[in-house]
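Okay, got some structures for you below.
In the two complexes that follow, chain A is the common piece, with chain B as its partner first and chain C second.
So, the complex of A and B:
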């Protein structure tokens, strides 16, 4: 476990080094982050004033905060790693990952990160924090909700990675990432806000409810702690499915010839 | 005798989709795909002792890389058995992966935008090399490769030769016992090729490592390997000493004459097969048993200013052999 944490830390260290390698890019990303953050805060304040569905503005803030965090996670972690995975498949450099004495799925999922999603991560955390503060959430609820949201992010990533395994047979991982990120964007509203068919899709096909709505409900104290266990089991199940899918994909992987 | 690498009747078959050109071909390809069975490797057997450096040769598409990938566990053999350091490669056990490396001359693993040291730090974490030990190894390998001054520069700023050396450094940081080198000098200039060769030789000697090397540059093979394994169309063609291979597949010597003035073409044809004529310099291929006679004839009949007898380049030998084989 310590070994994997060390790899994670070193990979993050390299990602940060990559951001700062091109200084103009770094400052542009930083500026964009600040401007977008300001935009989101203005938008959410307007949303709170108008009211969303039957939610009071503070609860809406929590939903939107969690969804914004998820969006940031997709842009800064999920997207770059899935694109890197797809590039490795195309260029035939997946071999270097497969030859390492570590779990290749872990290595592929934690290879890199991007600065560009930081906007959403910051803004999401602030919105969530403000919402919870205004609602007077207790430390227990915040802790359980944060744990559930972390598990939800892992669940969403595993779902996206499972879909990206079609990269063994297709080259359109880019489109897939955008599609999945868009679907998880729907989680900024409770799934009950959607038509029954869409609601079923976001609950049983794409795990938007499990990954986003359930953690928010835990933040808001609307669910018992047992829901976290359920979420953990869902993560475990999807992890096993990803490993199975990866093993299956490898059987078809012949790599690019030299 | 324990062997470091064993291949026993190793075979690999692929199914490759084929498509006719044009719009109709594309439509057919979309609706009903046609596959062709390709036997990339067919019953190849060999065994390599610990510490041996073996050249693995063959024309493009002969099955070299496929064999290497089976030996490293990247591909599952369709039939036969592979064993490396007592492990079955396709099981890809961590203990096995920690003791081998694969270097592909045309594929990079270093982080493009970052200094080499950043990639090495990740490698060290992956292979659980302690910090101090990592510094010691990097220092020693970088000195052997002449890379001391460039490890803090972004990889994209390095020359091709420096990049390849840095790739080698990253691939050998965990001090593997078996090296699979697939075209490690591809695209390098003569000096860089020589430096890579010297390093591989020194590393293998120092660590007692076993090396299986594929290369299109015969100079690599001549400099590093006493033994060569040649495969052609997926089958084992030759396994033995390099010198014996040359004698077996090249029954000719090369005779180079420098003439003092032009002569009738008919006079040249009698000496052997004229391979090349550049001004007053003529290159012949002469059967080994006729060499003495041909030299005598040349000196007697032609205005010879200088004369040299050499082995034909290995590239040419293989080109002749494989084109005769079809």
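So, the complex of A and C:
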């Protein structure tokens, strides 16, 4: 376990070091975050004002904050790693990972990170914090909610990774990542506000409800703590599925040397 | 003169054909792109569930805003910046006409292929919303097409400007991410802008944003929305002039390997 944590920190460190070379990108990322956060807040407040959503402004902030954190996680962790994974498949360099004495799926999921999403993570934390503070949430709810949101992010990541396994058969994964990130973006609004067809899609096909709405409901104290256990089981189940899919995919993998 | 134009047209058509073939070859990748491009349609499900207007109004709005999105050739910026940074622009400069034509042909090919790939999504509309087409006013079509044309021109100019900045900056395309955010939330892609606070909307009307998705879609869907071709045309003009200026200044600075 400690070995895995050390690997995680080392790859983060390396990624941060390589990204600080381009300072202009940081300002671009900051600008993007400001625009998008403003957009999300204006959109959700407008939707609540015309009655499409049944939310008060403070709860809306909690929803937007959680979605912004998820977006930052996708930009900084999910996207870069999936792109790196697909490049390994394309170039036949997956061996470099397979030969290492640790779990290859873990290594692939934590290989790199990008600073692009950092500003989104800050903005998300601020929005979430302001919303919760104004609602007067207790420390228990905040703790449970944060834990659930962390699990939700892992769940979303595993789901994206599962889809990226098509990389064993097709070379382009980048647009797939955008697609999944966009679908989780739909979770900036409560899933129950969507029409039944889309509600079912975002609940049962893509785990947007589990990964984003459930943590928010825990933050808001609208759910029992038992929901965290359910979320944990979902993460575990998806992890096993990803491992299974990865093992299957490896059978179709041929590298430059084989 | 006529021969010259004929000659030029023949070359450009050859470019188009090549571009079409190239994009068709990557049909699988583009299919994902078209799907990603169709994501805002998810929000339609919010409006039909609880929006104040009739369902068909929203269905038509999101449909036409979605179509307009294909007429935004912003990829040009990434490609141009990449080719400037890596020096791959050099062979394009050797050709007897501007590299802009290469990009234009490429984007038209992409537009055609993505519209075809978008057909399965488009078919969903009349299926999910009976009477989708019957209430549309044909007289609004020319206005909508004019918006699409202007939107294409504006984004081509903007992409050329941002791409050309790569002559001067190591990374110029980062700012596009912010622009995508603006277009998404304040251009009418994610939600119709008439629900925004009126003061904000009045400010936005001075920018090109509402004329790229909101106004065209509202116009084609038959909503009572004003037009604003002039605003968009003016923006296209001055962004285009700026792009041409930066491009020319950049070419003077440009030096690839071996130059």
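Rule of thumb we're sticking to: the second predicted complex is superposed on the first by the 224 of 258 C-alpha atoms of A that agree within 3 Å, B and C clash if a C-alpha of one lies under 4 Å from a C-alpha of the other, contacts with A are read in each partner's own complex, and residues count from 1 in each chain.
Assume contacts are C-beta pairs under 8 Å (C-beta built on N, C-alpha and C of every residue); 3 or more make two chains touch, one makes a residue touch a chain.
What you see is a predicted model; the values in this text were computed from it and never measured.
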Which superposed partner A:17 touches (first chain B, second chain C, both, neither): first
Dominant toucher of chain A (residue count), chain B or chain C: C
Chain B versus chain C as contact partner of A:42, first or second or both or neither: second
First (chain B), second (chain C), both or neither touched by A:1: neither
Chain B versus chain C as contact partner of A:92, first or second or both or neither: first
Which of chain B and chain C A:189 touches, first, second, both or neither: second
Touching both chain B and chain C, residues of chain A: 22
Contact footprint of chain C on chain A as seen in their complex: 22, 24-25, 27-29, 31-32, 34-36, 38-40, 42-43, 46-47, 49-53, 170-172, 175-176, 178-179, 182-183, 185-186, 189, 193-195, 197-199, 202
Contact set on chain C toward chain A in their complex: 26, 28-29, 32-33, 35-36, 39, 42-43, 45-52, 169-171, 174-175, 177-178, 180-182, 184-186, 190-191, 195-197, 200
Residue numbers on chain B that touch chain A, as the complex places them: 14, 65, 69, 72-76, 92, 94-95, 97-98, 100-102, 104-109, 111, 113-114, 118-119, 121-122, 124-128, 154, 182-183
Complex interface listing, chain A residues touching chain B: 3, 6-7, 9-11, 13-14, 17-18, 21-22, 91-93, 95-96, 98-102, 107, 251, 254-255, 257-258
